[in-house]
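First chain A sits with chain B, and in the next complex the same chain sits with chain C.
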Partner chain A sequence: MRLNKTHMPDPRIVTTFILVVVFLGSLLFSDWGNLVSHGGGGAMIRLMGKGLISLELSYDFILLALEASLITLAYAVCAISVAVLFGFIGGLIASGGLFSSIVTKLSAIVFFRALLAVVRSIHELIWAWLIALALGFTPMSGILALAIPYSAILARVYADFLNDVPEPSLQALRTAGATPLQVMLYGRIPAAAKEMVSYGFYRFECCIRSASVLSFIGLQGLGYQIGVSLDDLLFAEVWTLLLFLVGLIILVDYWGSTLRRFL
Partner chain B sequence: MNNVQDAYIYSLTGVSKFAEKIPIIQDITLCIKPEEKVAILGPSGVGKTTLIRLMSGEIHPDSGTVKLNGQNSFHFSQGRELARIVGVINQQFNLVDELSVMNNVLAGNLGRWNFFESIFSLISSRNSEIAQNALSMVDLSGRDRTKVSKLSGGEQQRVAIARLIVQDPAVILADEPVSSLDPARAEEIMKLLLKYVKTRSKTLVAVLHSFEFTKKYFDRVIGIREGAVYFDISTNSLTQNVFEDLYI
Partner chain C sequence: MSKIHFSVPIFSIGLILLLTIFSWSFFLIYFDFTDGFSLTAVKEFLSRLIGWELGGDSAFLSSQSWFEAFRLGLTTLKMSILAIGIAAVFSFLTFAPGARTMVFSDKGILASPIPAAIFAVIKVSYTLTRGIPELLWAMLIVFVLPPSIFAGAIALAIHNYGVLGRLLGEAVENMDQRPIKALRSSGANSIQILFYCIMPEIFPKFLTYLLYRWEVVIRTTVVVGFLAAGGLGRELKLSMSWFHYDEVGVLLVTYMLLVFLVDYASLILRKYVN
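Our next item is the complex of A and B:
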């Protein structure tokens, strides 16, 4: 006796049925009375909304927000400058393009990319805790906490950009007698430069956002001021500060696109 | 026998190359004398580009030997020594689009420069007199600061020739150097290339598809079919029938 294959239920339908039954069953065990722990959420949202239409625009507060923005920008510039430098060097090594021997090239790619994967898999907030514990709650700790994972991210992405340069133009340089280092200098770097600058600026924007949330280890700036205003539920100030943060991101975006036009 | 072979700039003996066990080049034996101008003809996909890559030292044969100036091509393995003997020019020009005309032309000097000279040149366009002369030979004077990506196809091929002039190799391997150009630009580039080859006493090996260019500019013609030499004759013996028979 053989089962007719056409009468067998579709495995996808069976799986979907099982998943739906499990989901509906789980609803019976949920604690429906304790879904939202904060009973005054509606009032808080109204307060936030009210702050948005009555921004704090007094002269003194604008000066404070401007100073905080400059501090955040300064930390972000320090962190991204270190990250671009080490990311660039790391990218050159991790691309494998500096080595002519296939063994050295593969060793560099495997070892260095593994190292970069470990460093960038740890979020900047975790790095901030680790570094703050080692060096203290100082601005330098914040800068290092940003620079270390960002260097690893940039190095990985830069390595990919350098590897993606079309091979024929590189081969033409090799037939002109160029060494791997000269091929890097005359072929890979110029061809990848635009993308590298573009990605560097995108990471700069991320760095500004990250710098503003690292106030807890001693970074002053927008994040710190937002925290102070939030403690007193002064949403008019919070929104003004957030607008300054958005302004910084737009400024960096404009800066990056202007620079890309010259490359 | 060795002495006879040493008189040739190229000496290929029983050369074969496979791609996943499929023969691309099969048992090719040929010799090329210094200053000879050799056209390689044949339908698409018969192994002409592979032959050029074998002769340029970019790849090595699976069997047989490729000798350059009497030395096995394995000896060179794509180094500076090889760049002094062989220069390559391609259908797609293979320039660095993001660099200026001057820097692309100066790249012909990379085989002579150390790393610091290369960096200095990239920044300052050093040694520009040699490059300026090369640019003037290809009628691109005054365009040295232009980005290569802003040039037309014909102009880019002229930059590639100027780079070869700076590199100054004994042999020029040209893989379909005019295939992507319109007839007028193609004629212009062929004239330029041949003028350079003749005045500097270079050897030229060029892959072409044109009966007219072969007859007009070359001494000898090698027909390739199914990875093997189909004919190897003087250009005087090349008739329209022989040419068409190769492409059937």
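Our next item is the complex of A and C:
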């Protein structure tokens, strides 16, 4: 990498420079004093490492881990099924492609996208806390907490996919006299379908990770069992549960990428 | 008997339907969804969140609570920068030996066993760190490090190392292979290929991914702060456990402002890079 003196500096180098300076600044202005005060960290790492090489694989525990995985999966499926539905509807609105007059189109885009941005700005577990405080620490709160921000994320990304469909193919439909709804149904949606399915799978995978930590509001699942095992410092059990989670993620990842090749 | 063809899309639709039906029936059978759900509870909660019944004593009207929230917001911002910075350094150092096309020849034969072993270790580390969410890493980290913004940053960094590493690895593997082959056939070694062929294409992508992930990290930093005791997250947890809902409201607004700030900074930098 070199700096070109005669021309404008390369944006990549400038950006890298900014990022490195900001990172080093954060390192410098952090309080490092309490880092060393914690005795026994090394011993704990050894204990964790020992747990990783002697996984808890008894029949009963595997059954327990399987049950926890299924609960986490069920939360994720419930949340993502709602989120895909509302994300799709929201995407149609936020893309502005359904409106013919420019005024309604712009106001729909601006208002709806702003709403989506506000909803997305809050992490799903903060949503979980807020909903649990308002409605109680029930599975319903957990599903809602995941479904709300995931709907907003999917709506925003789906709207972008629908907008990114190349214009010439849509122009052909329009000259044939298609209404905005018909352009959407026969032009935009089929063209964006592959990306939409693909992104939906990626979000499903994220949703499983998020669902695994719904123990944050006391709900069952992998995170809950991991918390129970951590309380007794049973790292062999913790690692087994973590590997179940990773396995679940790998399965969904593989399913999504296989499906993508067939679309 | 005619042979039944296995169709991935049809199998997928079936499995999605099955999963959806089973998951919803599981919760509908075992839990009463109407239990605890009332609009008045939501309304009451929202009015407490803005400190309505407190009138002039609401934290929203106190400049001191805003000042404190902004100070904590700055700590949270620092934690997110530390996290994404550490993740960036480690993923940047490992992505090349972790890319299939860099390690294996065109015919899929390993160059020598040592790079192949390094490749395997890196790939496994990406999968493990990526598959486990930040919050679970934080639950483990607090056993090793004292609760601080640094502990939170490490937990965030571990997960994002895997995410960034995988994204970069896929970017390298999906590159146009022809220029690489041309260079290799004219006698360039892997280091030369990395710097003259891969870096120019991957580096802008690396910056873009990094900035995208920073947007995700700033949202998660607050949640990790709940556990690892740092910044806005810690204070949010304390205010919630004391039922100081108006303070929770102030902290939430600060959090959202911070997220918009980071989203905006990331957008500007991404536009500038590309």
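Here is the rule we go by: the second predicted complex is superposed on the first by the 225 of 263 C-alpha atoms of A that agree within 3 Å, B and C clash if a C-alpha of one lies under 4 Å from a C-alpha of the other, contacts with A are read in each partner's own complex, and residues count from 1 in each chain.
Everything that follows uses one rule, which is that contacts are C-beta pairs under 8 Å (C-beta built on N, C-alpha and C of every residue); 3 or more make two chains touch, one makes a residue touch a chain.
The structure displayed is predicted, hence computed values, not measured ones.
J.: Using the touch definition from the top, say if A:I93 reaches chain B (first), chain C (second), both or neither.
T.: In the superposition, A:I93 contacts neither chain B nor chain C.
J.: Check the residue A:I109 against both partner chains and state whether it touches chain B (first), chain C (second), both, or neither.
T.: A:I109 sits against neither chain B nor chain C.
J.: In the overlay, answer first, second, both or neither for which of chain B and chain C A:Y186 touches.
T.: first
J.: A:Q171 contacts which: chain B (first), chain C (second), both, neither?
T.: After superposition on chain A, A:Q171 lies in contact with chain B alone.
J.: A:L64 in the overlay: touching chain B, chain C, both, or neither? Say first, second, both or neither.
T.: The answer is neither, since A:L64 touches no partner chain.
J.: On chain A, which partner's contacts cover more residues, chain B's or chain C's?
T.: After superposition, C is the partner touching more of chain A.
J.: First (chain B), second (chain C), both or neither: which does A:K194 touch?
T.: A:K194 sits against chain B, while chain C stays out of touch.
J.: For chain A, which residues belong to both interfaces, chain B and chain C?
T.: Touching chain B and chain C on chain A: residues 263.
J.: What part of chain B is in contact with chain A in the complex they form?
T.: My answer: residues 56, 58, 78-80, 82-84, 86-88, 90, 92, 94-99, 103, 107-108, 110-113, 115, 118-119, 122, 160, 163, 167.
J.: In the complex of these two chains, what residues of chain C are touching chain A?
T.: Contact set of chain C toward chain A: 7-9, 12, 15, 19-20, 22-24, 26-27, 31, 33, 35-38, 41-42, 45-46, 78, 81-82, 85, 88, 127-128, 130-133, 135-136, 139-140, 143-146, 148-150, 203-204, 207, 210, 219-220, 222-223, 226, 236, 240, 252, 255-256, 259-260, 263, 269, 272-273.
J.: Which part of chain A faces chain C closely enough to touch in the complex?
T.: 11-12, 14-16, 18-19, 22-23, 26-27, 29-32, 34-35, 37-38, 41, 44-45, 48, 73-75, 77-78, 81, 117-118, 121-123, 125-126, 129-130, 133-136, 138-140, 143, 209-210, 212-213, 216, 223, 226-227, 230, 233, 238, 242, 245-246, 249-250, 255, 258-259, 261-263
J.: Which of the residues in chain A come into contact with chain B in the complex?
T.: Chain A residues touching chain B: 168-169, 171-179, 181-182, 185-187, 190-191, 193-194, 263.
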